[in-house]
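I've put the structures underneath this note.
Look for chain A in each of the two complexes below; its partner is chain B in the first and chain C in the second.
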Partner chain A sequence: MQIESFSKGRSPLHSTDPRMKLLACLPLIMLTALSQDILQVTASLAGGIILAAVAGIYSRLLFQRLATVNVFMIFLWATMPFTISGEHFWNSGPLSISREGITLPLLVTLKTNAIALYTIALPGTSTIIALSHAMLHLRVPGKLVTMFYFFYRYIGVFADEFSKMLRMLEARGFRASTNIHTIKVYAFFTGMLFIKSHERSERVYNALVMRNFRGEFPLLTHFTLKRRELIFMAAMSCLFMLIVLL
Partner chain B sequence: MNCITVENLSFSYPGHVEVFNDLNLSIVKGEKAGIRAPNGSGKSTLFLLLAGLLKPASGSISLWGKVMKTPDEFRKTRLKIGLLFQDPDDQLFLPTVEEDIAFALLNRGTSRENARQKVDALCDTFQIAHLKKRVPFHLSWGQKRLVSLAGTLVTEPDLLMLDEPTAGIDDTVIETILDYLDSFRGTLLISSHDRNILDRVCSSQYLLTNNQLEKC
Partner chain C sequence: MHISEGILPWTTLAGGYAASALGVAIGLKKIEDRQMVKTAMLSSTFFIVSFIHIPLGPTNIHLVMNGFIGLLTGWSCFIAVGIALLLQALLFQFGGITTLGINTFNMALPALACFLIFSPFLSGKKISVLLTGFFSGFISVFLSTLLLSFSLVTAGEPFIPAAKLVFAANLPLMIVDGMITALALRFIERVKPEILTS
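Entry: the complex of A and B
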């Protein structure tokens, strides 16, 4: 599934206990998000780049993901330099750019990319079920974890149902155009999608009840803390402290 | 001793026509009973009612001689029941085949070592050992069916209810399932459109029609 695109691999990060990856990831993300210092945020981005290299996930897909995130940055760069007042940096005719107008979008861009890289390189290198299991070990509320896992599991089913219904419409000669008929068809289509999803959710719930589901995710393959995890946590702590001290 | 006793059971879905009206059924312990019925006549609904997943409008359901009155009684009794759903996609949700098969066992507190042994044994029985590390929802329909059946059987239920277990699968997979059912020692309730399959596996057959079950 596309959500787990980076979860398969043989890097040290792929085989690290997901609990440790979550524990390492959250403080780094918080620190990056709250920092107002360009140097700190740049160091954080460098940390993210190094982690992605260790995870061995440099690929076209990674850059596609980063590009998607950076699309939103274009809007910031298109407006903020011209709208934030401050120390004069550059002007041409009626256009004037302040120093703060440059540093603020730069800060947001660096933060965004650093956080995206941390997320992909750390929790992103584990499967969703392993993360769900790890979250339960870290005392994240069971209902939240269940919702998180079921979202992942059934988003694909929902998408399949959508494609199937769309193909069915096309097979029966439906062509979308700007008229009342198209609007009505789309309204029925949306309604049916919700009804089918609701019915499936009931069947899935019944199947879970029959298998004694109690809101937990017991696993056959368990993860255990090894020396590697301790080294990983020590390295992550060093990275954290380095960014703090800059 | 009866494994299942259903007396004067009535059930309707909200806003729908009634599914059952004064339905009666007795299945003896160890009986292998087949249910034939036209589409939409309520086979799946009957299984859900027997498992306590739906509440009847009136009438009573007794399992192993005990009248089931509260959801808690059904919850405890469900530990002895295995229900195979018609659509395996409703049942399979864990990331690997072996995890999915072991799910019910681990929910009951079975140790991972024991669970793994039982999963391995069932995978060998159903010849799906090569699929153990695969993602269940990427398998073929027949493979999904075998995995969901293994996930149902792993708890060694005393009462096994199979909803259309052979629908949409090829002869090889059907033969694997039937071979297992031939050797199954508990009480079996199986719904199918295929009379040949019911003739081979079942010691008794019922026809569900006009909201009633008739022995045939």
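Entry: the complex of A and C
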């Protein structure tokens, strides 16, 4: 299962220190999420578009990803223009649309896309392992990061298990439909997956104890800041200040 | 069941982070090394299980099972839910970084409630396991949807119709999740009961 879709590449952003990417992306995302100003949010989206270009991640996959993120926006655009009352903007027969009814969903849509682009272009261009390593250096509790690492490590394993069991069901003629049989089969399927993961976790734990595991992994390598990281942080600070000042 | 970025006001986001951080901190305090590996791996399974889509007439719904994860992980459920949502936010941009706190809270608090209320009834007769399972599945999804709708309402009056829509859309899920949780628990209780007692 390939889920770190954007982490491979040779762009300057791919080779930037993951600690710096995390530190740069959090304030930008928070600023964008909290802003109520269309101009600021548009500037932020422009920043996201440029970062994605620097990372060289424009592809069909990126647009598919953005399309999924925008599904909830359809709900907003379908209801808000007609339900929010305010300054008159446009009407035809019984339907009337207010100015606020357009600006609010527009604001949310711009924000969502800007934040999605930041998340993909900054932490998304590092592997999860590199990000876990960076989180440890940023003083996130070690136990939490270790658990996140195990969680991520075994997703692929259980996804394989999942598709194997699903193939087995199909080979025996199972087809999902709306009935109690489907519910029963999926319930036993889920139960079996949990039993398998429980048994595997015991084996993994025993293997770890044998290797002197004490709840955390020691940090062996350390990051060093180079000129590239300084330029990156300066550029990100400029972007942040630009959006704030708009 | 996630709220996307850019909708909620900062008070709700900060409140969500504070409450979830407390939940995670208690979880980390109580957890032992053996439990760490188990909780993390159950959380991966929980993540995979959400890929099961159950056909419901012309559409389909995907399982949530947060009551189930609550019964299996107990006080660690805030960690189990939080790490799964963090990965989704980082890799799929479902939910998001700013909404991670409130989304974790909305899913994990009902899971914890199910653990506290229902775990004493887990051993014993078939009917007791089935009923426990059904109610933990049903109530956890019910409470999560309720919390989700309340969070949307804090974003202001324009979001009230969306909040109602979200609640109504999740009603069938409560029943299906209840049934799946009941039968899955019964299955585990027959095949490997020690998972439920540990």
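Here is the rule we go by: the second predicted complex is superposed on the first by the 221 of 246 C-alpha atoms of A that agree within 3 Å, B and C clash if a C-alpha of one lies under 4 Å from a C-alpha of the other, contacts with A are read in each partner's own complex, and residues count from 1 in each chain.
One rule holds in what follows: a contact is a pair of C-beta atoms (placed from the backbone, for glycine too) under 8 Å apart; a residue touches a chain by one contact, two chains touch by 3 or more.
All figures in this text were calculated on a predicted structure; none of them were measured in a lab.
Looking at the shared chain after the overlay, A:Ser11 reaches neither chain B nor chain C. Within the superposed three-chain model, A:Ile29 lies in touch with chain C and out of touch with chain B [touch as defined at top]. Looking at the shared chain after the overlay, A:Met210 reaches chain B, while chain C stays out of its contact range.
By the touch criterion defined above, A:Pro218 lies against chain B but remains apart from chain C after alignment on the C-alpha atoms of chain A.
With both structures placed on the common chain, the touch criterion links A:Arg200 to chain B and to chain C. Contacts of A:Ile128 after superposition on the shared chain: both chain B and chain C are touched. Of the two partner chains, neither chain B nor chain C is touched by A:Thr42.
Greater residue coverage of chain A by touch, when chain B is weighed against chain C, goes to C.
In the overlay built on the shared chain, the residue A:Ser96 is in contact with neither chain B nor chain C.
Of the two partner chains placed by superposition, only chain C is touched by A:Leu104; chain B is not.
Annotation: chain A residues 128, 150, 157, 200, 204, 208-209, 213-214 touch chain B in one complex and chain C in the other. Considering their complex, residues 127-129, 150, 153, 156-157, 200, 203-204, 206-214, 216, 218-222 of chain A touch chain B. Put simply, chain B touches chain A in their complex at residues 48, 51, 53, 78-79, 81-83, 85, 87, 89-91, 93-95, 98-99, 102-104, 106-108, 112, 115-116, 119, 137, 151-152.
Note for the complex: chain A touches chain C at residues 3-5, 25-26, 29-30, 32-34, 65, 68-69, 72, 75-76, 79-80, 83-84, 100, 104, 107-108, 111-112, 115-116, 119-120, 123-124, 128, 131, 141, 143-144, 146-152, 154-155, 157-159, 161-162, 176-178, 182-184, 186-195, 197-202, 204-205, 208-209, 213-215.
By the touch criterion given at the top, residues 4-7, 10, 13, 24, 28, 31, 33-34, 36-45, 47-49, 51-57, 63, 65, 68, 72, 79, 83-84, 86-87, 89-94, 96-98, 158, 161-162, 165, 176, 179-185, 187-188, 191-192, 195 of chain C touch chain A in their complex.
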